[in-house]
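Here come two complexes built around chain A, the first alongside chain B, the second alongside chain C.
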Partner chain A sequence: MENQFLRDENDRVDGIYKVTGKAKYFAEYELPGLTYGVLVTSTITKGKILSLDTKAAEKAPGVISVVSHLNKPSAPGYEQEGGSPFKIFYTDKIFFNGQPIAIVVANTFEKATYAASLVKATYAKEEFNTDFEKAIGDAKAKKLQGQPDYKRGIENAYKTAEVQIEAKYHLPIETHNPMELHGIIADWRPNNQVTVYAKTQGVKATQGTIANVFKIPIENIQVNSEFVGGGFGMALRTWPVEIATVMASKHIGKPVKLVITRMQMFTMVGNRPAAVQTIGLGANKDGTLTGITHRAFGETSVYENFTEGVVNMAKFMYQCDNVNTQYFVVPVDLGVPIWMRGPGEATGAFALESAIDEMAHALDMDPLEFRIKNDPEKDQQRNKPFSDKNIKEAYRIGSQKIGWSERKNKPGSLIDGQWKMGYGVSIGVFNANRGRASVKGILKADGTLVLQSATSDIGPGTGTGMTLIASKLLGIPVNKIKFELGDSSLPPAPSQGGSATLSTVGSAVNDVCVSLKSTIAELAANSNMDATSNFVEVLKKNNLPSIEVTKQSQAGKERDDYSMYSFSIHFVKVKVHSLTGVVKVDKIVSVGDSGTIVSPKTARSQMVGGAVGGVGMALTEESIIDHRYGRYINNNFADYHVPVNADIPEIEVHFINKPDPYINPMGAKGMGEIALIGFSAAVANAVFNATGKRIRTLPITPDKILASS
Partner chain B sequence: MQSSDKKPNQGDSRRDFLKKSSLITAIALTPSVALKAAENQADERFAELFEKIPLNLTVNNKAYKTSVEPRITLLDYLREELHLMGTKKGCDHGQCGACTVHVNGERVNSCLSLAVMNEGKKITTIEGLANGEELHPMQAAFIKHDGFQCGYCTPGQVMSAVACVKEGHTNSRAEISEYMSGNICRCGAYPNIVDAIVEVSKGGTKA
Partner chain C sequence: MINFQYLRTTTAKSAIALLLKDKNSKFIAGGTNLIDLMKRGVTAPEKLIDINHVPLKQIELVGDKVIIGALASNTAVAENSLIKEKLPLLAMALNAGASAQLRNVATVGGNMMQRTRCGYFYDIEMPCNKRQPGSGCGAIGGFNRMHAIFGTSDKCIAVHPSDMCVALTALDAVVVLANAKGERKILFKDFHRLAGDTPQLDNNLKADEMIIRLEIPINNLVKNSHYLKVRDRASYAFALVSVAAGLEISNNKITDVRLTMGGVAHKPWRLTASENFLKGKEATVENFEQAAKLAMTDAKSFGENDFKLQMAPNSIIEALTVAKSKA
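This part shows the complex of A and B:
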């Protein structure tokens, strides 16, 4: 099992599979008798299916079956009252345009695709609304509390402050769009034995969902997901189309593979919800913040509720005695959203960090200086000390690397021909989570170590990080360690989300290694060997081919005593074309303050990737709906612009790399979210510094810059 | 709503198709022995003859003499027929580059090319890039510079990068970025990808 391609101990342990095409993603498993599913989707936005004519499709060549609400197999979890209201094929109701209404299964993808075009539906249409901002303004439209109101000190204190700003910020729907299309291979065999190859951020979660819907024992279900082609949050739940595919397999008694289209990626597997936020800030003339008010509306669906941490940051990020927040969600007739990288915190940070910049400008202060002045010594929301926070040092490093001293506080001061130059800064923050996970370690007399846990790696380098933790603790070279994941039969671990995997699973790896080490020491002592003897010799002397241990690890009381966060500071230099309004990001410096950096190479890539995602969020990404029809009109990569290589400048990444003394044995905190949180505000702030134009609606496209006065 | 666990009658559709849809043309074109076999509902596979057309091509130095449906893309042919899963499907519209392969040495989006358009052509996929166990320098450079995270776009990026060097579009980082902009990486590994290409274009990273 030696990985001979690791030349550098920091290389990604699975890199060899990724560059040779040997990494197997869910759609790439070959099963005997594999069939292909293709979806038929609703062409109306709201109403009811009146009829579904599947005869022509069923007669088309190669077609095995068409599964819909008319003939779906038994799924007892969907026959019960209550629970999740969108039970695919167990309803004839249409909740959104593009909702899957049938799955056509054939012996080739081409035949299934053609046959799907032959399915004809008629509908009873109902009035609908997909326009979130219209619903906010409509007094009759439903508004649901997304989080309890928060108040510290005086409500709306900003209104009586010496210096006041109040501004409204708009974010459009953003779509995750991992490069790998969503889908699943489902293989329902006799005696209710089910194997799935899934695109999931949590094999245990997928296993649990299938067990609940079909009411079969969890042991009957095997979920495999070794390589995941990106998730960014969209694979944090088992979507209805996956259940539909399992139903299809149950119905025909053969394995079914579903790979949805890029267009379908926009409608049925979640998105970052649109948001409208109002921020009020008050300050004394000396720059002391005296009031923060953050009110937010987030988009949700009519059939399932979705809420996230949009207003969290305002409660603790700045020293301020008077803070109040409010968060409502507003249902529209679209597919339900789901967390997208940085989730609600990234939405909230765009508004808050733009407003902080606006206040600094109103005070005629350097925005960096204003932030440092209002940097809190403790978490005022929880009334606890921070476990570890090095923001001032991060400001210092970042400002030096970007060349902040070149920045002029007066907007529009730096001109280079037809380009206006500007600098912006923002902060990102996210809970340093730690959950509960189990890991099994098998130490072998051949000098290798196998570690197993039912966690996932959607790209951050989980296997690499875990391997490095074990290597450091046991002194085993990384190429002799194998970390196995993405398999529901391994010891349980939570889904990969909320920047918690390294902290959660890494702690269990730590505990396993510590335990193995002490077992070896005991064995050495018992066989009169030196305590520092190599484990291979100790195992051989004891005639043991291997020893194994399983450990469960979770956070303790330290979480009651300290407030734990990861932080990032983003510095951005932009140039804005004075005639066309085009924004080019010229340089990026991101500084991560997330405890110990366990895996330097992959950690840097995480930060780089977050910045790239942030450039898209700031400048180009917007899922646009034609509200007359309730349909997305830019649902492809030609019209929905994610950043490409030429959009991205030099990116410098720096880490504080100082262990958090309380979070976990490694002192390491997550960084997937902080890499992106706040980034879009840094760009908006830089655009303001370059042009004097404050763009409060993302994405910052040239038309908005030209239209702004 | 009631559910039904009744299994559909598999196989009917194929014979139905053969008898009803193609019979008229089939009579004119098909040897009588074949027709008899079809009438006797002899073999599913036989029906394929009516739907497929011959194709000869070379993939990773291996010659294939086969027949395919004219509507199958080169991408789906590679993945689903030849089981060469290294070439990825990211959009099926030629907008993302995940399916990039070399056709007669040039980079092509295999999702925009029908398999039948590649008669007599020489295809190289990511599986054919390394020299046995020895990685192509670009593959080694991607590992060294961490030119990926999830790895899904990587085969397309690597194939595109090899072509980019061969095309001579490596005179500056900006030029490399421009000529690599047909390959989307949602994880955002772009600067690392450019680093890898810069190194290989200067003759570095031997496997």
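This part shows the complex of A and C:
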């Protein structure tokens, strides 16, 4: 089926706003009487606050108040001490280094910053451990309810296979570090009316959290978040520091703005958890997989649990009758993690897709051929057909574009002076979600359409995608359509996460447009107009300035009948310097298999961004803690290395672009996660192909290349 | 933030006079490091003396020396045609440092005065003998992947972060300093110090002195010089190790050679023994390997930086090989 969308090279609808500074982010709102909050943080890792001396800070110029556990305002949802989630200022316990223990509010940011340095705490210190791998060794791992072991066929079947590999993979903590720092503006007014300007992936979620903590009606709370400067998962939760800011505003009766520092981004707003994984693979000599065992340990905090789908992919990605997985969490004395782009699966895919490459090498098979040989026809985990899966075609396109035929199966075969060249491939997969959302459409006699939904756009181009869906269905030019989001008073939609927004909200846009179209047709018929009449004429003829409709849309039975996933294939060419160990990514080809591509330009941007994030995960990103002190040591942009332009080669993006017949009316599946998932393994596999060195600990820095034999 | 006084002056003489007036004052030029240090609470000067308007931005050839004013920006030096022609090693080193934005405002004098990037130095909750003498060294027994392998002390294993200074050491630059009474000259290689028992002191600049200019003798290393920087990403990252290498080759023999390493010591680390070994020998990989081995004689690592014991000699060989191969 020809895709009516792909011919369209529409720009991002808010692109001009973003590049000219007209897009207003949360921290840019100026409210009358705005005050500034700065956090005081714990300098110990575990224990109890014995005293908190705020006198000097309170006397400092410009200071309005210092709010802490000693004087916090009433937050009825926090009254019962302990339990999860962490209740800021309702405990004197310290759970991690850098934990906020007070917020100083002053009439300027500078004055608040200075006054915060005057707050002095004394503590009763306790023994702590921030070293995740040490905690595993100390048998601190635990299995949580809702994370049961999985078994299909024979457990640990790989141990009796003709060809076996078993390997252990290590991932460090990664910190999201979007350009925009986290924070909030909170304005608590009389009669418990609250307005916030937030950096959030879900305005309704923020609204609900504030309502729960302060036990006020949800209608009292207005959340605004029209533009978000990157989230990557870290803004999927209303963090304790945001609640602290709402408390401060309630306490002083004035609006308070909090923008945390880059250093605080490492401690109080989550991270991709560290992980240790063991993979066992068994195969017949002909390359048939006979056993997969995936055992994973993920970092969590002592005060809240965090889990993610690290072992999901092993259960269905390859044809294999014997699969077993286990997932444990390991609490350490650090801030709680949160989902980071490609959550869980990105972690799991590094291990699984490295192991698949290791097995192909053990079998002396081309790793691409090995993957194709074990590509499943149906989802063995759920015992259902896939709704749509075109992996073999994606392999064909990607391998041709990267020049896979140049690759030699024997590592270290391609040499240019001191540089060794290699090629790697990996697969990424993520559940193709569809949730429930409502959209309101207002079709006006002036020829414009306004669509409204309380969804978010953290960067993927949500407004652009929705506008294009409506434009195609109603034949209205893109510049006559406005999609409004980031406002909790609009019709409800879920948070932007799990690559589900286009599928979920787009379906509701579709339903609204279909409904508007039929209303116009009815009106046309009633007024004896041609059924194909322009809606402007129809509205005018009927003396209607506008018509509006609100539709709620959600998935149906199709989700019971089919297994729905988005897929990606990543091909990478690297060169590795023999003497210095430096790895350069030379070329990237990513192929997305995620149904219909609704907005080609923003879809491509998603894939490019995922590849850049993947290079970071593979080669440079690692949050380092000195476990003697429990403090981060590289918590700034000079020392926490995200890739720079000079690290990124040409990135080619291709799409299969065939509609998924079952997922939603557009046939479109999510892309944000698959752009990253698996990518780091493609790099590690390419490094192995170049050098014969198998690096199982990310990131692959020059020292690891030199140390590996 | 803590308040400070801001003063601006237009002559070196008045700048030095202002400096003498108040012990707790500091010059500020590009500010690319000083502002960070103030934000982190590492330093809190009461007065900042802005010297950006002091006319010390010259880059010129005087006799057989290239003169560079202390306030010439890193970009101005790196992009200058005289520097590219006569001292390409310096241009390469400058371009390997920081980012374009930082190089545009960072000055030559400021580059020399930048402090270490050791994480323990910047976190005022951590021990650091350089920041707070007697508090201990966090890096010894801690995160020391970026740290020194030469000339270390049990008080401090931090490295000097500059690339420019590595090239200037190799190029036998001379630093001209001034105080109220007049000027004095010291060799660039003697400007920075080893940590020893006084890690709080990075260099030999006296409290009443100002850096005025550099004098760099022109040389015959132009054709065969190379600055190699090995780092975790391709730009805007400090060196794991770096090597400034310059060769003068005639009749197949090395007649002059300069070798200095960065990222390995509390100051740019001149490899004198390796240079002496190579002088008069043929420019072969075997001789480069011998020179690299000699360079490592007194190296000592601290755990996470063990890899430098291999990366450093490898990088010396690579830098020399690339320098030699330049046509």
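Here is the rule we go by: the second predicted complex is superposed on the first by the 688 of 709 C-alpha atoms of A that agree within 3 Å, B and C clash if a C-alpha of one lies under 4 Å from a C-alpha of the other, contacts with A are read in each partner's own complex, and residues count from 1 in each chain.
Simple rule for what comes next: contacts are C-beta pairs under 8 Å (C-beta built on N, C-alpha and C of every residue); 3 or more make two chains touch, one makes a residue touch a chain.
Everything quoted here is computed from the prediction, not taken from an experiment.
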Practice problem: Figure out whether A:Thr43 sits in contact with chain B (first) or chain C (second), or with both, or with neither. | Solution: second
Practice problem: Give one of first, second, both or neither to describe whether A:Glu110 is in contact with chain B, with chain C, with both, or with none. | Solution: both
Quiz item: After lining up the shared chain so the two structures overlap, which partner does A:Ala638 touch, if you call chain B first and chain C second: first, second, both or neither?
Solution: both
Quiz item: Does chain A have more residues touched by chain B or by chain C?
Solution: B
Practice problem: Check the residue A:Ala646 against both partner chains and state whether it touches chain B (first), chain C (second), both, or neither. | Solution: both
Quiz item: Who does A:Ile624 touch here: chain B (first), chain C (second), both, or neither?
Solution: second
Quiz item: Of the partners chain B and chain C, which touch A:Leu706 in the superposed model: first, second, both, neither?
Solution: second
Quiz item: So, A:Gly253: does it touch chain B (first), chain C (second), both, or neither?
Solution: first
Quiz item: If you stack the two complexes on chain A, which partner ends up touching A:Glu406: first (chain B), second (chain C), both, or neither?
Solution: neither
Quiz prompt | On chain A, positions contacted by chain B and by chain C | solution = 110, 114, 638, 643-647
Self-check item: chain B residues within the chain A interface of the complex
Solution: 1, 3-8, 10, 13-14, 16-17, 21, 47, 51, 69, 71-72, 76, 79-80, 83-93, 95-96, 98, 125-127, 129-130, 135, 139-140, 142-144, 146, 148-155, 158, 174, 176-178, 180-194
Quiz item: Within the complex, which stretch of chain A touches chain B?
Solution: 5, 7-8, 11-12, 14-25, 27-28, 30, 58-65, 69, 71-75, 79, 90-92, 108-110, 114, 177-181, 227-232, 250-253, 259, 261-262, 458-461, 601-602, 604-606, 608-613, 636-638, 642-648, 650-651
Quiz prompt | Contact set on chain C toward chain A in their complex | solution = 1-2, 41, 99, 117, 119-120, 123, 125-126, 138, 141-143, 145, 228, 230, 232-238, 240, 307, 310-311, 314-315, 317-318
Quiz prompt | Touching residues on chain A, where the partner in the complex is chain C | solution = 43, 110, 113-114, 117, 418, 577, 579-582, 584, 619-620, 624, 626, 628-629, 631, 633-634, 638-639, 641, 643-647, 701-703, 706-707
